[in-house]
Amino acid sequence: MFDALGASTSWLAIAPELFLLAAAIAVLAYDILAEPDDVEYHAAFTILGVGGAIAFTVAQWRSEIFEQEYFLNMLRVDGLAVTVRLALLVVLSMSLLAAWPLVRSLGRRGAELLALMLLATIGFSLLASSGNLIMMFIGLEVGSISLYVLAGITRERQLADEAAMKYFLLGSFASAIFVYGAALYYAGTGTLFLEGLGSLTQSLVFTRPGVLLVAMAMLAAGLLFKVTAAPFHAWAPDVYQGAPAGAVGFMAAIAKVGGFAGLGRIMWEAFGGFVDDWRPPLAAVAAMSIVVGTLLAIAQDDVRRMLAYSGIAHAGFILIGIVSGPVAAPEVAFYLIVYTVQLVAAFGVSAVVSGPGSSGSARTEYVGLARRSPVLAGTLALMMVGMSGMPVTSGFVAKFGVFREGWDAGVEWLVIVGLVASVAAFFFYLRVVVDMYFREPVGEAPGTLVASPRPTAPMTAMLIAAAIFTVAVGLYARPLLDFVASVL
Amino acid sequence: MEAVLFMIFGVVAVVGALSVILAKNPVYAALGLMATMFALAVFYVINLAHLVAAVQVIVYAGAVMTLFLFVIMLIGVDRAEDTTETIRYQRPLAVGVGLAIVGLGIAAVVSDEWSWTPLAPAGAVAPNGTMQAVAEQLFSSWAVPFEAVSLLLVVASIGAITLAYYLPSRRRKEDSDA
Amino acid sequence: MPDVDPSWYLGLAAVLFLIGATGMLTRRNALIMFMSVELMLNAVNLTFVAAGRAYGNLDGQLAVFFVLVVAAAEVVVGLAIIVAVFQKRVSANVDLLSELKG
Amino acid sequence: MDFPLLSALIMTPVVGSIVVALVPGRRRELHLPVGLVMSLLPIGLAGVLFADFRSTATFQMVEFAEWYADWGISWHLGVDGISMPLILLTVLLVPVSLAASTAITDRTKLFVIMVLLLEAGLIGVFVALDLMVFFVFFEAILIPMYFIIGIWGSEERIYAAIKFFLYTAFGSALMLAGIIALGALHAGQTGVWSFGYLDFLDLELARNTQGWLFAGFALAFAIKVPMVPVHTWLPDAHVQAPTAGSVLLAGVLLKLGTYGLLRFNLPLFPEATVDAVPIMATLAVIGIVYGAVVAIVQSDLKKLVAYSSVSHLGFIVLGIFALTHAGLEGGVIQMVNHGLTTGALFLLVGMIYERRHTKKISEFGGLAKSMPIFAGMFLFSAFASIGLPGLNGFVGEFLVLIGSYATLPAFAVVAATGVVLAAIYLLWAYERVFTGEPDRDENRSLPDLNVREVSLMVPLVVMMLVLGLYPKILLDRIEPSTSAVLDRVAAVTSFEVPEVSMGGE
Amino acid sequence: MTDVFEFVIEHLLWLIIAIPLAGALMLHFVGRRLGEPGAGYVATLASAASFGVAALASVPIFQGGDLAHHPTVVRLWDWMPSIGAALEMRWDPLAALMALIVTGVGTLIHLYSIGYMHGDPRFARFFTYLNLFAASMLTLVLADNFAMLFVGWELVGLCSYLLISFWFTKPSAAAAGKKAFIVNRIGDLAFIIGLMIVFTSFGTLSMSEVLEAPGEVITAGTATAICLLFLIGAAGKSAQIPLYVWLPDAMEGPTPVSALIHAATMVTAGVYLVARTASLYQLSGTASVVVATVGALTALVAATIAIGQNDIKKVLAYSTVSQLGYMFLAVGSTAYVAGMFHLMTHAFFKALLFLGAGSVIHGMHDEQDMRKMGGLLKRMPVTGWTMAIATLAIAGVFPFAGFWSKDEILASAFAAGGWFSVLWVIGLVTALITAFYMTRQFVMVFLGQPNWDEGVEPHESPATMTFPLGVLAVLSVVAGFVNIPKLNPALEHFLEPSLEGIEMAHVESTGLIVLLAVLSVSAAVIGIGLGLFVYYRGGTFRQWFQDRSRRPFLAWENAYWVDKMYGKLLVLPGKRLAQLAARFDDFFIDGIVNGVATVTARVGGALRPLQSGFVRSYGATLAAAVVGLAIWLLARGAL
């Protein structure tokens, strides 16, 4: 069938996705056919699939197909695609380790969970590498629908189905808006390819392409929804609280990575010529995200909800990079990698503390965690410090990167808003540290400790990896920075 | 001629759409939606999108709406719904948003600046959306998206199974404390 | 040549999209909200088709197919979610789903 | 300099903390001693630093390595006469405060690690010649300090820790904006980003721009100092922190503020500095008087010492913004002096707190009878703090006062009242705590200082005497650097440093 | 032989300070082991050795050679180079005189203390402080750099603090020590400000350079400012109005301390300072008038208060204040030699008085209330008779030491004329009062009927205590002969090199000198007579006197309520202000800080209802945001 595409075909270009898909299918098929009691084969398939995907993503970067377009420009193998794909795969790998207890506890549905995670990754990976709005839409939907299901996968719990329902309703609403934006883009340009507008910009006979501006608003809105930028954020706290702990880190991280990749493509590439139009409103969105996320995070008593709001603020910070234009692409990618690692690890800890299938994770559960489980407390503290953007952690380098670009791009006020909000944000990040380290666990009887949560081995490995990553990158981020800068 | 058709089916489409959001009974809403879909199918034909029109009728009006009605019946919500608003500020907000959009539309009509002038290449002929024409495109330049939607279907089916397939025996004790 | 300007269709699509969006915001029955989403997607399709005709290419029509599949997939998952919710709450009223807030 | 002495200075405590981390958790009794030994290593390096230091204005022991080349950040370290004394102070106070922490029995390992990391951060701040490196260390030290206060502090520790953290972080946020702006300005003027201190010295900044940047930096440093009215985190933090925390907080952390003002605000924004002199001097003088006045009526010994810090730090700021040779020198040496004296006072308060578990002045009385050595040490440190000639406190204050009179006569006169007020609050406190008959049973039988406690006071006492009698040992090394700063301010602005002949001639 | 002296001056001058300092250090560390009386002898020896070095170094000065006329400056080390602060010593007649007084009287008092402090548990510590004091005071008088002078200036304050509150378990003693230090600090504040001006004007703190020819560098106005500030400093140290209040309280300290520090040496530092900076005062002119006025007023006020005191040491304390007033009057009247002269004689007789009082207190088992004494002359003859000599000396009876010096002061004031004539009258009246209250004291303590408490058996003190009394008594008699106007102006000649170029008030006419002397002696005699009449002869007349003078007596007894007033007007409002400031800090400044935090958190909380949990309102927000975004994009160009 691909013969018609001629030279435009490249298996390598879609190899990572194919590996993931193969793994997903294998897991499902094995589950259906063999009805296994444990998940060891699932693990093997998944590892193979993810490993292959990572290997081929690196291969894409290293081979001559890099910086080329394939399938008649439907897919690209450019820096953004490769970086984001790698980021997605990192998120996936970490999340798989974190989700393993959930996979086990779900029984048969564990296979479906794995498959959905793999498929969601494929979806966002396609979103990040597509050169066509419809392709992008499909990727977005593959990812999103997987996430809707993930949100409700422990459906016996009331909060889980509420989360799934909210996520689904709002998600499909946002998707409709996105695709209407695509339609208007088509109406304005006659093409669905991203670079179409760029080539048309010179020959536009109308001075104010209203249709395109509305299209821009709607396309942006659809993706801003995914990355939880305020005021498109309302679903995030409810979903992150209600969805099963084991999967929520994955859900939050992967949508953010994919969403920002898409946003970057659309804003920088398709609407690159309209930068003066979209920069102020997008900057406003960034500011609003930062402020709303920070203020509401302060008011939270549930750690997962707090992380959701902080995620809104982080979306704002990353948006500073988007606002700064394509020159900030390395910084945005860096931020995404750094932040999602922390996010997955933090949610991972919450999954251990509150149970893998839990909905919500009250702060009181963390009191005295440092005594009960130093590894969990230490990691979570480090992640909190990292997210808050303290120096010597990767979070600082990431924040500094986007701030610098923002300042360079002329949105100094936004940087200052971000800086001040970072200070307020210390409050809620450090409050977790307070609970874990400064307060004593209150047992049933005096002197007895409440149950000590024990992370599983994969989880521990993931947490330690995340911790090392956070500190190592905080101390010496140059390899990673050089990598994203050279890829992008 | 086309104008007449546009008027007639335009009214049908709008009325159908309005009945979706105004009907107290979901069944009426579903039927209204179906009416709109049929009206749109007519427009597709007018706009030379023959295959689309056919698919619209078969898949959308036929399959999807049937699924809707099936679920309506299954979960027995085919009774009238109280449509008084209970969330504060929801109605005014919705109305406000609506008015803003209408305003935008009017502005778009009035203002020259925002007028929409498609740049059809000189001598472009409106394509005839026959099955063959569509298929040629679908299997060449749109091949990847076409393959990708299969993922979508996989996801959808997994989702449906996961969410709706109910296995009481598999319920774990720790899952039931909600 | 048609005596109806493509922009008429675009206008009609916009109206339908708007009605769909309004339904999304005003109805609390999850099923009707889904239908509103479908309505919005139909408006998108109309836009695609009309614009495609104006530009003289088939991309619009092809897009419709994909939107249609997406819509179908959404319906499947959405209805599954509704069923799941209904199994426990015996209601499709989304306003009842407001335990997560703040 | 082939051997990266400064990097080694930073890394030694880090390595030390790793070593401590590797000590098995069961061997609780080893954590503190091992940490103490580890904290002694930097003293050796600092000794080398002191010995190799040349009294010139240029930066020495410079190390340079690319860090984030395209962002303009490099690992650029160096010391001059302004930072060298503060490094010595840091490496001296850390072992002392560790040795004073035998009362910490809970999570000792974590404590020792935090103190050592804090030390690394503090040294880093003082040797950084790249503003981002500086900022990284400046901000990073908040974390260990936050833990030290929050875990091992007293009742209100959580409030104090968070307040300390947020307050100081707020200041540094605006400073970071300033740093980024400077980087951007550098990019604008030269085409490449840089955060190098020496590069920034070459920037040409409009007066207006300087004003904004000055404000951003100054706010951060003013909070750190702390200057009135942004000082209220200090009493809380001091009172709640454990002894080691208080010692390091007062001894070194506060100096980051004054150090920053001197290192960055003056040379980078000379015109704005000259413009800001009235404001900064006013705040400094208000701080001197206000801090002292508030200290008088404090009922908590630690709080009293904390407010005395507000007062004493005011002298440093006044000296810096007097823009005279003597003022700047006095400011720098007063940083060291305050670190020694206030550190000693906090140590002593900590020792009595360990015995009586209270810091309330009204709980004490007549301690001089039961604890004569303690009383003597306290009185000695108090007089050093009051500014008794012959002890170190006087040198700094006297230089500052004399130095600032030339340019800010009215301010200097008002500031001098701080000298009287210091005597009032400290001697009154001494009177209430130490004199009279010990009327409470628990005060009557308190054991006097033991050998450990005396021996950790001795280095401080000796330093107070040495610096009081022969401050030249530092002044000679400080002078070229402060002169360079002044020359820069004078060269760029219309400000004229008053030419008072340099003695003798 | 001369070479030895020169060698001492040029190379060993530092020993004068270092020996007592070393003594202090040694006693600090091993004093306890030395025990009693070893520690005392070590200290005394140190003081004596210092006296010895000072005496050796003084020889060339007495010889009046080159070394006398050109002050030797020895630089020990640089202290704060940028403000010209160095540790520099100066050896000239003035310094030599002061050094000899300090070490000489000091040694005697050290010796005396061995007996006085007998049995005190902190015996060694006491001598540590005494030696430290000696070192500090010598630092002060030997300084050739204002910075070094200030070192001594403050260190003597420290020693004063330590020694006043030596018996710190007594709350009043502790409070007195603190008060002394703080009041002194107020003076020091002015002194420091003065130093600021000095440095800013001269660019150095070296005294030789500043005092060489100040007129070439600064104007009279600046000089006045400096001098007035120095005056306030001196008033603090020398207990002049308005800062004298600490001195009476300082009597809480052991009596030898009162004798050494609060009579003979430390309190004269102010006088020394004025004399030392005479060239500045001369340049100013106005400042001298103020000095003299302050001195005269202090003399009068303190003398009247002394009448009303019943504590044997308080009388002496106010008498000291009064006598210091005389010295100020002298140096203010530009009679620097007279001032130094009185400083010297006063050191002898006031030390004697204090030591005598100490001996009495010692003998009376720590009783200090004179109303409970009387008739002690028989029990304590040595003390009594030496005290009698001292009383006559302070009263200014010919030919005792006090007569010569006081007479010279009054004569100089008279000679200065103008306003100084008024001051002269005050001085004369004060002389009368002085004689009166001293007589009163002597009578109440030594004459009349014993009013001892039961069980008190007064006894004469041991030899270590009476020996210094004897020496000082001799000095109180003969010291006046060193400077007899016209006949033997030895001291004047001696000090001349130090006061080169200073114009001093002088009475030229011999007749006038005699006349004035007669007047002052008459005042003394009348005072003594009145005293004897009222308190010794007494009976009905005493009753009459006391009835008549009840009101003033009340005022004198309470020292004009100055302490109370200071308390009400300064200390209490100060404390209130401090409390107010502390409240302001807690509630206002910190309130704002906490307020910002609270408001932030509240805003966060207030925003929470927006997240209502209703999916439809989320949808509405989303829709509104999209529309808003679109409108913004569209409106940008349209508007």
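Residue numbering begins at 1 within each chain, and the chains themselves are lettered A, B, C, D and E in the order written.
Everything that follows uses one rule, which is that contacts are C-beta pairs under 8 Å (C-beta built on N, C-alpha and C of every residue); 3 or more make two chains touch, one makes a residue touch a chain.
These figures come from a predicted structure and were not determined experimentally.
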Where chain B and chain D overlap in contact partners, by chain label: A, E
Relative to chain C, chain with the most remote C-alpha centre: E
Geometric centre: closest chain by C-alpha means: D
Label of the chain whose CA centroid is most distant from the centroid of chain A: E
Between A-D and A-B, the pair joined by more C-beta contacts: A-B
Inter-chain centre distance, chain A versus chain C - centres from mean C-alpha coordinates, in Å: 26
Centroid distance [mean C-alpha coordinates] between chain C and chain B, Å: 4
Centroid spacing, where centroids are CA-atom means, of chain D and chain E in whole angstrom: 37
Centroid distance [mean C-alpha coordinates] between chain E and chain B, Å: 100
Where chain E touches two or more other chains at once, by residue number: 597, 608, 611-617, 619-620, 623-624, 630, 634, 637-638
Residues of chain A touching at least two other chains: 134, 138, 141, 145, 148-149, 152, 155, 158-159, 164-166, 169, 173, 177, 187, 190, 207-208, 210, 214, 237-238, 299, 424, 427
Multi-partner residues of chain D (at least 2 other chains): 166
Every chain pair meeting the contact rule: A-B, A-C, A-D, A-E, B-C, B-E, C-E, D-E
Partner chain E, residues of chain A touching it in the complex: 165-166, 169-170, 173-174, 177, 207-208, 210, 213-214, 216-218, 220-221, 225, 231-232, 234-235, 237-238, 277-278, 280-281, 284-285, 292, 294-299, 424, 427
In the complex with chain A, residue positions of chain D that touch it: 67-68, 70-71, 132, 135-137, 139-140, 142-143, 146-147, 150-151, 157-158, 161-162, 165-166, 169-170, 173-174, 176-177, 180-181, 183-184, 187, 193
In the complex with chain E, residue positions of chain C that touch it: 21, 24-26, 28, 94-95, 97-102
Chain E contact footprint on chain B (complex, rising order): 87, 89-90, 93-94, 96-97, 100-101, 104, 107, 111, 113-114
Of all residues in chain B, those that touch chain C in their complex: 1-3, 6, 10, 13-14, 17-18, 20-21, 23, 26, 29-30, 33, 36-37, 40, 43-44, 46-49, 51-52, 55-56, 59-60, 63-64, 67-68, 71-72, 74-75, 77, 81, 83, 85-87, 90-91, 93-94, 97-98, 101-102, 105, 116, 118-121, 124-127, 129, 133-134, 137-138, 142, 145, 149, 152-153, 155-157, 159-160, 162-164, 166
